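A, B and C are the chain letters, set down in written order, and residue numbers restart from 1 in every chain.
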Amino acid sequence: MEDYLVRMENICKSFPGGVQANRNITLEVRPGEIHCLLGENGAGKTVLMSILYGLYKPDSGTIYFKGKKLDIHSTKDAIENRIGMVHQHFMLVPTLTVAENVVLGQYQPWKVLNDMDKVHQRIRTMSDEFGLDVDPSKVVQDLSVGEQQRVEILKALYHGADLLILDEPTAVLTPQESEHLLKFLRDLANRGLTIIFITHKLEEVMQVSDRVTVLRDGRVVGTVNTRDTNPRELARMMVGREVLMELKKAKTEPGKVIFSVRNLRVKDARGLEVVRGVSFEVREREVLGIAGVSGNGQTELALALAGLIESDFDEMRLDGQLITKRDLQRLNRLGMAHIPEDRQKMGLILPFSVAENFVLKTYRDEPFARRGFLQFDTIREYTRSQVSKFSIRVGDIEEEIAHLSGGNQQKVVVARELDRQPRFLLVNQPTRGIDIGATEFVRQQILVERDAGAAILLISADLEEIFALSDRILVMFEGRFMGEVPPDPALVEQVGLMMAGKTVQTSG
Amino acid sequence: MELMPALLFLQSMLAATWRMATPIIYAAVGEVFTERSGVLNIGLEGIMLIGAFAGYSVAYETGSLVLGLLAALLSGLLSGLIFAIFTVSVKANQIVVGAAFNMIGMGLSAFLYRTIYSQSGKVLSLQPFRPLDLPVLSNIPFFGEVLFRHNIVVYGTLLLTLIASFVLYRTAFGLSLRSVGEHPKAADTTGINVPATRYVGVLIGTVLAALGGASLTLAYSDQFVEGIVTGRGFIALAVVVFGSWSPWGAFGASLLFGSFYALQLRLQAMPEVVIPYQFLQALPYLATLLVLISLTRRARAPRALGVPYP
Amino acid sequence: MDWVGFRARLGKQLRSVWTPLIAIPISLLIGAVILLLSGYDPIAAYQAMWQGAFKDRVAVTEVLVKATPLIFIGAGLAVAFRCSIWNIGAEGQFYVGAVLATVVGIYLGNLPGVILMPLVLVVGMAGGALWGMLAAYLKNRFGASEVVTTIMLNYIAVYITGYLVTGPMIETKGLFAQTPKISESAWLPRFLPPTRLHIGFILAIVFCIVLYILVFKTSVGFAIRAVGFNPDAARYASINVRSNILLAMAISGGAAGLGGAVEVAGISYRLYQLISPGYGFDGIAVSLLVGNNPLGVIFSGILFGALRSGAEVMQLSAKVPSVLVFAIQGLVILSVVATGAYRAVVREKEE
């Protein structure tokens, strides 16, 4: 066998429901290299690495590690073989301390925990050695997102890792934090660690990797040396098309102010202020984008505007009308539409049928209900027309909506909200976790609505999306707006700085 | 009111408090482990009844109280195994399964008692656990009676709570258990076997509940009566919440409820008290309601409580 | 008319009938094993049970009489469970309804029947509704688990009844623990003499139909179901979660209270301590057996009525303690759960 650290050969994995996540994938990673696994949402990258880490068992295929065939039955096997993984959604228990999280699962059940101070000491030493700045005695839920990720990394290194897998680590970091992380990974590689890095961001691949394997639809498209390729080629391999997407964005003149709020303040569940007095206006025929790393108050801002959590403000107006705190709960009924951040948790009722979900907000009104009784024929007809108008892939509209794919579910939410011809549309992470076709569709619909005269507030952690759709961009950091910029691609770096908390003079 | 009678009243009431709290302590401390692992078992009442009957019948037939306790323990294991299969492996709705266990426990224990014993015409009482008369300590005025004249089952609650607290907070198993109830996915990725851990959590709960039931027939009274648990299994649920899901919290909260039972019994026995006895009997249940109201949002329940995994 | 959709939905309804059809034999089988191990002859026992329930017209009407409270309670629980409110307090709500019905039936006994009869029922329903809403209020305001609060309210209701029936409302001081009979003008007519079958049974069926329509055909029912499946999404859709919780408990408690009032006005004509031998708990099995469907409750109510009725005879002739039925009900619930899970696994493998 040649000089590789790990070789995954002909890996196949499918899930109930017919999803074939990995189709005959062969992957080779050389020792000491940074190897990127590139692909869009749903390409199979996480599944493949989960197999390597022992979270799933492949349907077929073999894994060779350090020259020997390796059967990985559980994460314990992986950890014992010095494979570590930093997950996209942190695997930390919030109520336990950093130290407790680090040793979790490592001891025999009957072991008495009387040497935790030694653990603390070792964590501190490693933290200093790798420059991670981690405090072992802090409780995880009190840490920031960036700190939690560093804990995840330290956890993997603590248990001894020759191979470190990271799954979309920069998804939750500011551009500056991402820079820092990439440099850190380079350091680790120089010390002899091998790194597999899952991402869908081309710039990261170009910046830090030695080689890159592109996955598409569960198959390997190719493996190339990074210095022999370029973003365009990688993009083509990733999606099979030359350019990702063309959005038709007409030039419009924003009209009058539809929505305005002054000094909005929101507290989180623990009583800390997470939205600290923001003010803004949105005009008709305009998309106001709010950029920022997840966790800086955007979620609370959206929930507050939708009337789903408590908030305080000096003044709020919708279409000229003054809105009181009580009205917020009925904003729905006053011409506001809301595409929520989490469609499964909030936007849809999964056990309800597609048809029932379409009338989720309108089931009380004519023509869907008359004198309290639901008019099923009308509901069904309406649903069918919407489904065809928005090309939603549905088998039977009476079927549980849980059976639809993520992209189609989101289409239902979008179709439902937009059909109400809202004056004001609140959109939060509209294309998270959906396939490329649905993404393009949703983004185009937002622009269509804008042209038709709506005022749109777009919240997204996807900078590309913000730049593509917005007419004005506000950057949110720690509950405040750091500044406003026009959607000029040249200003990405400036936006990045603002996302990290550095105020910048806004241009004009 | 005169001092002597008042003190005597207080003394007998406090002495009864620990005794009456005992079955609740066993069940509640057990349920702490179950809920901390993420499973909600509302079937404690039925499981306690089965334990009470099992303990009674084996002790009665063999003449050995220890064998009775062992039988109760085994019944708890069996109940727990079935409960865990339904809630952890089959991932059924935990409230529904718990309700079913209550019905089965109530029906089965009464059925078996009537079948085997009530028509027999024999003397049905057995020799329960005697109070340990601790040499010097039990002669201390006031506190001697309150603290040092109990039977071994009552003292067992103290040992139990000590061990439980140690296991939960100072062992690797306790750490794993707590993580499984808070963030099972995270625990899973560190190699912890989540279902197995939950099985153990459930079993600890049901075994202790069964022992708590047996404490009623083998220590508190001297025979089995249908429905002898009278709602203590449900009160244990409130105790877990009130005690913030900690063993010592459960111990303390159980004592509080024990005092209500004790108070109610003492007042019933006093002819001067004109309150109808039914209102006194309702006291512990009313107290539970008030306790649940006053808690509002104090301690947080284990985040994954009641949610099957995965 | 959308025939394709209709057939698909009918198929789904029919398939859901499989679960109870499989679950009942399983639990009876386990019951037989218990009987065998306890030294009884299961065949003789079940035969006695069957005879007791169905041997002649009187027996069958007795089944329907016993089914009546179960149907009321079960229908109400179907609504509560669909809202994900675990109302274990139907027993207490039944008692409260019975108490208030008796109070009205005795102390307002001079009112003409055409007013008194409906009044008795309405007051019983209102009492049960309020008793249930109390638990809902405590849940909304204080986050108190309805599982524990409704159970506590059960005990309190039973003790209050015990007090009234042995104290202020006792018929003859020092004798039986029961109240005097309520005024005859409130008695629900028995339409098949000499059997005890009364119009309360018809009322129960009508009640089920009403609740079925409410849950599945109205906006109100839509909201209740939405809250039961996903309270976050319901709130997002401007559905008031707290109001719906109160409403679900009002309906559920009201149903149980109405059941209690009907039991007093139709069968016992007075209140005594054991006015419900555990109907509130039977009701849980009644509703779960048919997947919390208010119409299906009619059938499972009759089934459990047969179980109870037959069990009484079984106790008399085969000497098997009738209390076993309680355990069989619990086994039914577990069988339903197991069957449902098994079928879900089978269905997934098919896909």
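Some observations on this one:
In the analysis below, a contact is a pair of C-beta atoms (placed from the backbone, for glycine too) under 8 Å apart; a residue touches a chain by one contact, two chains touch by 3 or more.
These figures come from a predicted structure and were not determined experimentally.
Look at the CA centroids: the one farthest from the centroid of chain C belongs to A. Contact analysis places B-C first among chain pairs (by count of C-beta pairs in contact).
With centres defined as mean CA coordinates, chain C is found 29 Å away from chain B. Chain A and chain B have centres, each the mean of its CA atoms, that are 46 Å apart. Between chain A and chain C the centroid-to-centroid distance comes to 47 Å (mean Cα coordinates, whole Å).
Taken together, the chain A residues at the contact with chain B in this complex read 53, 55, 74-76, 79, 85, 87, 90-96, 100-101, 103-114. Of all the residues in chain B, the ones that touch chain A in their complex are 170-173, 175-176, 178-179, 182-183, 185-192, 303.
Within the complex formed with chain C, the chain B residues making contact are 42, 46, 86, 90-93, 95-97, 99-108, 110-112, 114-116, 226, 231, 234, 237-238, 241, 276, 278-279, 281-282, 285-286, 288-289, 292-297. The part of chain C that touches chain A in the complex is made up of residues 2, 5, 8-9, 217-220, 222-223, 225-226, 229-230, 232-238, 348-349, 351. By the touch criterion stated above, chain C contacts chain B in their complex at residues 34, 38-40, 86, 88, 138, 142-145, 147-149, 151-153, 155-156, 159-160, 162-163, 166-167, 281, 284-285, 288, 320-321, 323-331, 333-334, 337-338, 340-341.
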